[in-house]
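Please go over the structures that come below.
Paired with subunit B in one complex and with subunit C in the other, subunit A is shared by the two complexes that follow.
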Partner chain A sequence: MNDIATHPELITAKPARRRANPLPYLLSLPALIVCIGILIPFFTAVWYSLESYNMAFPTGRHFVGIGNYIDLFSSGTFWHTIVVSMVYMGASVIFELLLGLGIALLLRERSKLNNIISVALLMPLMVAPVIASLIWKLMTNPNFGVYAWIVNGLGFTNFGWASSPDTAMFTVILIDMWVNTPFIMILLLAGLRSLPTQPFEAAKLDGVPARFVFFRITLPMLMPYIITATLFRLLSAIQEFSIVYGMTQGGPGDSLMVFQIRSYIDFYQNTNVGRSSAILMVLWAITFGLSKLFVNQWHAMRERSKAGA
Partner chain B sequence: MSDKTKDAAKALLAGEIDRRGFGKRMASLGIGAAAANFALGGVATEALAADFNWQAHKGKTLRLLLNKHPYADAMISDLAHFKALTGIDVQYDIFPEDVYFDKVTAALSSHSNRYDVLMTGAYQTWQYGPAQWLVDMKPYLKNPAKTAPNYDFNGIIANLRDSDAWSGVPGEALGSANAKQWAVPLGFELYNVSYNKRIFDKLKIEPPKNLPDMIEIGTKITKDAGGAYGVAVRGSRSWATIHPGYLSAYTNYGARDFEVKGTKLTSAVNSAESKAMNKLWVEMIQKAGPKNWATYTWYECAQDLGAGRCGMIYDANIIGFFENSPGTKESGHIGYAAFVPNPKMTHATSNVWIWSLAMSSFSKEKDAAWYFIQWASGKNFGIYGGVKKKLVDPVRNTTWHDAAFKARLDKNYPGFYEAFEKTLPDAKIYFTPQPLFFNVTTEWAAMLQRMVAGQVTIDAGLDKLAAHIDREVKSAGI
Partner chain C sequence: MILKSLRGVALLLVVLFFMFPIFWIVVMSLQTNAEILSLPPKLIFPPTLMNYTALITGHLKTSVGTLNIAFMHNLWNSFLLSALSVIVALVLGVPAAYAFARYKFRLGEDMAFTLLSLKFAPPLLVLLPLSLEFQRVGLDNTYIGLIWIYQLITLPLILWIVRGYFEDASPDIEYAYRVDGHSWLKGFLKIAIPLARPGIAAAVVLSIIPTLAIALYAQRWLVEGLSLGAVKG
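And then the complex of A and B:
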């Protein structure tokens, strides 16, 4: 015979305990409210993306299902947007990682000078990206810009910077690197300085070559930091707007027509809410996929390190 | 205020004396310019109030959404007179042009009642009107209880009045009988040549007569002026690149944006006339334009003219006014010339941009908002803005015929008035009104960039653009 049969008071005791303990629900309430705050606009955008909805044609609004998505994916210009966004994201993050890691390695030793330099290098991170693009627009102006003057002095007399389709991508990636490399640098520097010293001391005693130490000890141990920094930067770079819009508004031609700019122009200029929302949904899917990939990778790495321990 | 001061101000407002005469009378009374202006404002307020109940909405508050522009600055500087005249309080938010229309779209699309009156361009009303975000002001104009008897809407230059009125039927002419008056003009700009006289004198050249001439002269400046380049025109990936000099020249070569057959629109950007004009335009930018043309907006064109970095601009005539004013490097060196791009044509066909005032459909103070709009687009404010502030080009014929306004231009901006007069008769909006204006013109600018960069030939580029526009038009059901 079970406890309930022998002690019937237990049947009533259980619900009473539930009523008396609302704390877990209260604690999770703020998260729930935030979640609703995010989900309402999200599902509204999902709904809009399934409609033919241009605000300038209010009577023409109707449900089209996946019509907007079919239109997008059957358009060459949208595939071009995907390619441009991917190139921008990939190139900027790779270069920033390499540069950030290099600088972090140089500043690894704790010293007054290194601390001052690392703080100074953080300055561009404090500049709003749109302001950075305006600064760079001036610095690359062929009439009076300092960079234009330097490049001209090096013999590149017709270097177009952001105004030429050949160099526009290079220019905006350069600005992105200027703004965001410090973010990666500071994250990796924190990681490097928190690594245990024993493996490095042992390698030094054994006379292990520096290249071996870097690839076999430093890099694997630093990997969680690299993955975190990469994830943040990838998500931010695929959603880039300010730098590109500030420099070229997506031009010349369609050379820098990334997701956000296409969506922004469709909404604010063309008042085409349906298509703009569909573009953002595709961007969301890519962003979600990337995050999932990296978070899974991060979990797998943690499991491996637990198993190793 | 003494009786003599009042009499002089009344005489001026009645047209019995001109501004110069008023100034002399004030000087003889020992009254300075600022005090005279104040007196004039006071009498103008009294005069306005005399035959119309301007105080009908006393105690109400209006909120304006304004773009940072000298025209808005002129309006803001005279708000005290509006408040004194009507007893209506006015508050405003003002935003730089880069973000201004985003703010307008956000405010109107959310059906916010925060703003009663907003600044807009005519092209924007082709979206905002059909979306039912703006109020048709024709009923107000026809209602004598709401419109002052001396307002004289017809005193606004006809092409500008019509440009702000559209029926909402794609392709139907602006200002047609069934058109709705979505906005009322405040100030405008037309497109001719402003040039640097110092550079032109140094090279012993004359302002260009037509587009081929502009290419030749511009190329010479780029080669021989010692640093300055030939011609500044806008080039950013924006609708704003298409509507100034480019569309004025495009029209002058006989090209149109659309062919209208009934209610059906077909893109005409790949017509023979368009291709002929585009070949010249692209050649001009390649040979005589700024190196970073693809990032050029109004601001870069203006700065280059004011700093002596370009020989001339083919853009808004008011840029030539602003850059010739004290404070710029080339102040006093800017000349003005009417421009007929097509050698076979005898007159200019300038497109126009009109800063206008519109009333939000979501305003809770529509009648008070209409009071503000008629005050700001009225005769007295037009003259005040034109004579005392930088409200050039004013929209009323009375301002252009005002002796003090003309004297101001002739004294400090010689040639401005003449170039304006030559360009005005056929200055109007040459785009076909339709709600996809921004979509079409932004893609147009992108294709122009590709043609200038040599990514696509002119023939192929324009054919591609026409196909794209036709797809968009079809998809919108126009």
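And then the complex of A and C:
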């Protein structure tokens, strides 16, 4: 008795822990320090974006406030970058979602064949995106690529794949689909297979038509998985770099100049650190909003699954 | 019947779209340069392991001369870098994940989000200034510099996946173990970490090789990890 009265720290009940316990801070400190090391460049980038800073003319470096941003938003090339990035993000995510959902529905039954196929389809996900673009570059090469040869044989003799401005976007989206559809597919498949079976059995007993079951039962119940997968893909698609860089480095012309490619080229080729950083800040604002949505969604899902368990 | 064959055709097309490029790369890797460049593409050919021996020995003999390839060195570099950066991320990330899961402490949520937002921020935003910074302090082209940068990818992954597993494991077992007179550290090492092992395994594999390898023998962990703990089996 006396012990506990004089040494309150002997009480290990939860409420006592909540008050100023140094342990959680100690545990997370090392991770935090490393992250600060990574955060410093982030703040440097914020600073760069407010400067007129060209590596080729280090003496002309000076503070310009939001000058870089004004330049960006009043230039046609930057609006072009925004449009190209949005088209890339929108088209690739929509097609991947539809295809991924379709495949997940096809593989829904737990059979040996379906399981083998679902594992095999993960293969492209295992290929690094740069390598994926190299594979496709080889296969669509007009001189010896097998896809170029097939498409040529089908009568599309002028199909330029990544080398023509008309088909470059199509080509990189196709590669993006090849790499990332399996990710959506496996998430939705896991979702489909974890749905409770009772509603479907009841619908079957009542003779509800298949289309009604899909739109009124399957789709709404699958929605949390679809939203998670979509947000995750939106986040990475708006930042796409490796597939586009591996295929065309933003070309031909500037037809595939997405955010990160534009900023990379501004940094290394034009040595314009200020403008390059400003572009990345705009991109960061977009991804920050998306990731906030993503985290909220994730928390809501966890709460719901906890409540349901 | 028609529906069933339609389903079969659809599956066949899907498998063809996703598997053919990989199949074709394997085919090309067994061909000589002349065979790769020939049109129409050859499906029947005497397979050669010449390309693979070239990777191992580092010398590719062609008609124009010998080409040197530092593949084994590159492979070793990749292996070393991923192993070291995952180990560093585990040492840093697992205790932090535990702290975020077990204690509701001030700033905990903010820190967790900051770390996660690093994963979602455009990589170049950090990489470009960091490359200038590293040049200044002489960390460019060093292992330490690269391992540090890799924490940008591995640390948030490990933190968030493992955190979910710590949250799912009831703290009561740890409390009971501690009431028995064991220290906090022992409870952490003997109870908390083993309980979160599936999450740690998933996070490690996801940060080294994206996806397939484990899918073969740990599909459930993988799926749970991928969906950040949202899937209940």
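Before moving on, here are some points about what is shown:
To be clear about the criterion, the second predicted complex is superposed on the first by the 259 of 309 C-alpha atoms of A that agree within 3 Å, B and C clash if a C-alpha of one lies under 4 Å from a C-alpha of the other, contacts with A are read in each partner's own complex, and residues count from 1 in each chain.
The rule we apply is simple: a residue touches a chain if its C-beta (ideal position, glycine included) is under 8 Å from a C-beta of that chain, and two chains touch if they have at least 3 such contacts.
Computed from a predicted model, the values in this text were never measured in an experiment.
Using the contact criterion defined above for the overlaid structures, shared-chain residue A:F95 touches neither subunit B nor subunit C, since it reaches no partner. In the superposition on chain A, A:N143 contacts both subunit B and subunit C. After overlaying the two complexes on the shared chain, residue contacts for A:L235 are found with subunit C alone; subunit B is out of touch. Residue contacts after overlaying the shared chain place A:F200 against neither subunit B nor subunit C.
Counting the residues of subunit A touched by each of subunit B and subunit C gives the higher count for C. In the superposition on chain A, A:F170 makes contact with neither subunit B nor subunit C. Touch criterion met: A:T248 reaches subunit B, while subunit C stays clear of it.
Touched by subunit B in one complex and by subunit C in the other are residues 143, 267 of subunit A. Those residues of subunit B that touch subunit A in the shared complex are 101-102, 105, 109, 126-127, 130-132, 235-239, 290-295, 304, 309, 435-436, 438-439, 442, 445-447, 449-450, 452-453, 455, 475-477. Residues of subunit A that touch subunit C in their complex: 12, 17-18, 21, 23-25, 27-28, 30-32, 34-35, 37-42, 44-45, 48, 102-103, 106-107, 117, 119-128, 132, 135-136, 138-139, 143-144, 146, 149, 178, 181-183, 186-187, 190-191, 194, 224-225, 228, 235, 239, 241, 259-260, 263-264, 267, 273, 276-277, 280-281, 283-284, 287-288, 290-291, 294-295, 298, 301-302, 305, 308-309. Within the complex, the subunit C residues that touch subunit A are 7, 10-11, 14-15, 17-19, 21-22, 24-25, 28, 36-41, 91-93, 95-96, 98-100, 102-105, 108, 111, 113-118, 120-130, 132-133, 148-149, 151-152, 155, 159, 164, 167, 175, 178-179, 184, 209-213, 215-216, 219, 222-223, 226-233. Of all residues in subunit A, those touching subunit B in their complex are 54-58, 60, 71, 137, 140-143, 158, 160-165, 247-254, 265, 267-272.
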